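After this come two complexes, each holding chain A, first together with chain B and then together with chain C.
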Partner chain A sequence: MKFFALLAVSVTWCLLIYAARDFPDFAVPDSPANGGKVSNYFLEKTEENSHVPNVVTAVLADYRGYDTMFETVVIFTAGIAIMAILRMTPGGSTGSGALPPAVPRRKRTFDGSELIVSGTCKLLIPIIQLFALYVIAHGHHSPGGGFQGGVILGASFILLAISRNLDAALQRLSEKRYLMLASVGVLIYAGIGVMSLLLGANFLDYGILSQILPATDAAMARSHSMLGVEVGVAFTVSAIMFAIYANLSTAGELKNGL
Partner chain B sequence: MIPSFDIILLILLVVTAIVSLRVRDLLSATMIFGVYSFLICLLWAEMGAVDVAFTEASVGAGVSAVFLIATVFNTSRNSSD
Partner chain C sequence: MQEFLQQTIVANFNYWIYVTLMMIGLYAMISKNNLIKKLIGMSIFQTAIILFYVSLSVKGTTDEVSIPIIHHHQEEAEHADHGGEKKGAAAAHHEPHAIDPTKYANPLPHVLMLTAIVVGVAILGVALAVSQLLYKDYGTLEESEILAAIKELPSDHG
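This part shows the complex of A and B:
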């Protein structure tokens, strides 16, 4: 069996190396990535279409809005699937039909009262969260955006759960609250799309929103809706990241985690 | 593009990839996988793809390592194969 696996892997490797010879070299001016019609259009027209200096964010949130919306839905679905597999019901049986644990649960020995660890994290967590909000809000002017900022925001809650205990983090972001945040994020994104649909344009065609946003032209409406969309992505991603951690570290029991 | 820096990064990338697959202790495999993510993040930042590098640093080197550690905590620490 191992021989066939090795054979399959080596044949695929040879094919990939053979195909890689057709790639353009680094920094060739007329390769599709550098000088194609599409990327030149984005580079030239983004500033004019939406006043957004960071072209990557403009492509992700505006030109390819569908892609990013369903990426957010994928994150949401992954989190819901992990909860469906791991989360215990209050009666004591697991959600997926009372499977016994494969290995005995380990006990956490660190109770979160160490001065240096808790003091450092108490100082760090607000700064991490502030930085996450900056990454979200400034995503279309500098590298970053809803996804990265959301992950950093979720990581700050994970740090709180690790440095003290899971209860401290769950007090601030309870199960009900993170499920609600995750759904609200997808709702914000899809809602902005539906709003432009209701005003008579295509789904996620933000330019038309200048009719209801005060004192904006079509380009600025695109920029502002990109911010709204990024906020939606950040809601979902941060809530789901914390939810995955809380369920994975406690095997779905949501107490005495890592 | 800084060729010598690139070569060091690429060699380390291959080494960490192989080691994280071969090592028996899953906790060290997780740590080496985090190093792998961070190296590829450096490579992307150095090639100018800062957004991708940012995502890799936050998701690959940060949160996914924590998820893997949380999983190792609840399963066995040594790999059986």
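This part shows the complex of A and C:
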């Protein structure tokens, strides 16, 4: 079995390397991927269309807005699916609910009373969260955005759960709260899209929102809506990241986790 | 020989790395018996694809090409300062500028890979949840043992 796997992988390796000779060389400005009309259009017109310097954020939240919206929905669905999978009691299964430990668990001597760990994390977590908010809010002027900032925000809660215990993290972000946060994130994104629909433009066509946002033209309305959209993404991503950790580390029971 | 190496390896080294990483991941997914090791292989595979896309977006060395964040507000502000007050800040804001796309890295692969990373996290999370469920039911994560246990079960679902 291993031999055939190795054989198949080696043959595929040789084929792909052979095909790579026809690919454009590394770092060529006019390769088909880089010289195409679409990406050059993004680079040339983003500033004019939306006044957003970070082209990646502009493409993510504006030009490819549908993609990103359903990306957020994918994350949301994954979080819900993990909870559903871990908490179901399938018919005919011998599972008794709790995960049978392969190795008997050692008695935990570490319960948050470790001075250095808890003290360091106490200092670090607020700074991490502040940085996450900066990454979210400044995502269209510097590297960053909703996904990146949301992951950092979720990581700060996971750090709290690791450095103290899961209960401490759940006290601050309970199951009800993170589910609500995740839903509100998707709602914000879809809501901004529906709002532009109600004003008479296409779904997620932010330019029309200048009619209700004070003192903006179409381009600035796009910039502001991108910020709103990124905030929605960040809500969902941070909540679901923490939900994935909390559920996976406790087999869905949300107690006595790592 | 030197020329051959130059043309096939040095100029294309990003493809060599991505193909090798991808095949390591594929080998792990095919041949490993443990489900978690298969998932690790899947993650390596995804990482190889991400590396492939990001390496496609490179246009040159960092001296010539910058990240796709366009520095225009600054330049315009300086322009407005030096050029007197004949146009307001708002007017300068809207003046279309010629932007040289070869000076910035290609943004599109970055966007695509940003979403691919997110999908990867979602897949990995769901896969880990499913393997926890399997472990709960069968007490093992070895594929062969799970298959043997499934065969022993009476086929009550038909």
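In the analysis below, the second predicted complex is superposed on the first by the 233 of 258 C-alpha atoms of A that agree within 3 Å, B and C clash if a C-alpha of one lies under 4 Å from a C-alpha of the other, contacts with A are read in each partner's own complex, and residues count from 1 in each chain.
Simple rule for what comes next: a residue touches a chain if its C-beta (ideal position, glycine included) is under 8 Å from a C-beta of that chain, and two chains touch if they have at least 3 such contacts.
Predicted model, so just to flag it, every value in this text is computed and none were measured.
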Just checking: does A:N34 make contact with chain B only, chain C only, both, or neither of them? Give me first, second, both or neither.
second
Which holds for A:T46: it touches chain B only (first), chain C only (second), both, or neither?
second
In the superposed arrangement, does A:V74 touch chain B (first), chain C (second), both or neither?
second
Return first, second, both or neither, reflecting whether A:F147 touches chain B, chain C, both chains, or no partner chain.
both
First (chain B), second (chain C), both or neither touched by A:V56:
both
Considering only touches as defined above, state whether A:L198 meets chain B (first), chain C (second), both or neither.
neither
Could you tell me if A:L248 is touching chain B, chain C, both of them or neither one (first, second, both, neither)?
both
Quick check on the superposed pair: does A:I212 touch chain B, chain C, both, or neither? Answer first, second, both or neither.
neither
Identify which of chain B and chain C touches the larger number of residues of chain A.
C
In the superposed arrangement, which partner chain does A:F26 touch: chain B (first), chain C (second), both, or neither?
both
Chain B and chain C contact sites that coincide on chain A, given as residue numbers
26-27, 54, 56, 143, 145, 147, 241, 244, 248, 251
Chain B residues touching chain A - in the complex, by the definition given at the top
1, 50-51, 53-55, 58-59, 62-63, 66-67, 69-71, 73-76
For chain A, which residues count as touching chain C in their complex?
1-2, 5-6, 8-10, 12-13, 16-17, 20-21, 23, 25-29, 31, 33-34, 38-40, 42-44, 46-48, 51, 53-56, 59-60, 64, 67-68, 71, 74-75, 77-79, 81-82, 85-86, 88, 90, 92-95, 99-100, 141-143, 145, 147, 219, 237, 241, 244, 247-248, 251
Complex contacts: residues of chain A adjacent to chain B
26-27, 54, 56-57, 102-103, 105-106, 135, 143-145, 147-148, 151-152, 154-155, 158, 162, 241, 244-245, 248-251, 257-258
Please name which positions on chain C make contact with chain A in the complex.
8, 11-16, 19-20, 22-23, 26-27, 30-31, 55-61, 65, 67-73, 93-94, 96-97, 99, 101-102, 104, 106-111, 114-115, 117-119, 121-123, 125-126, 128-130, 132-133, 135-137, 139, 156-157
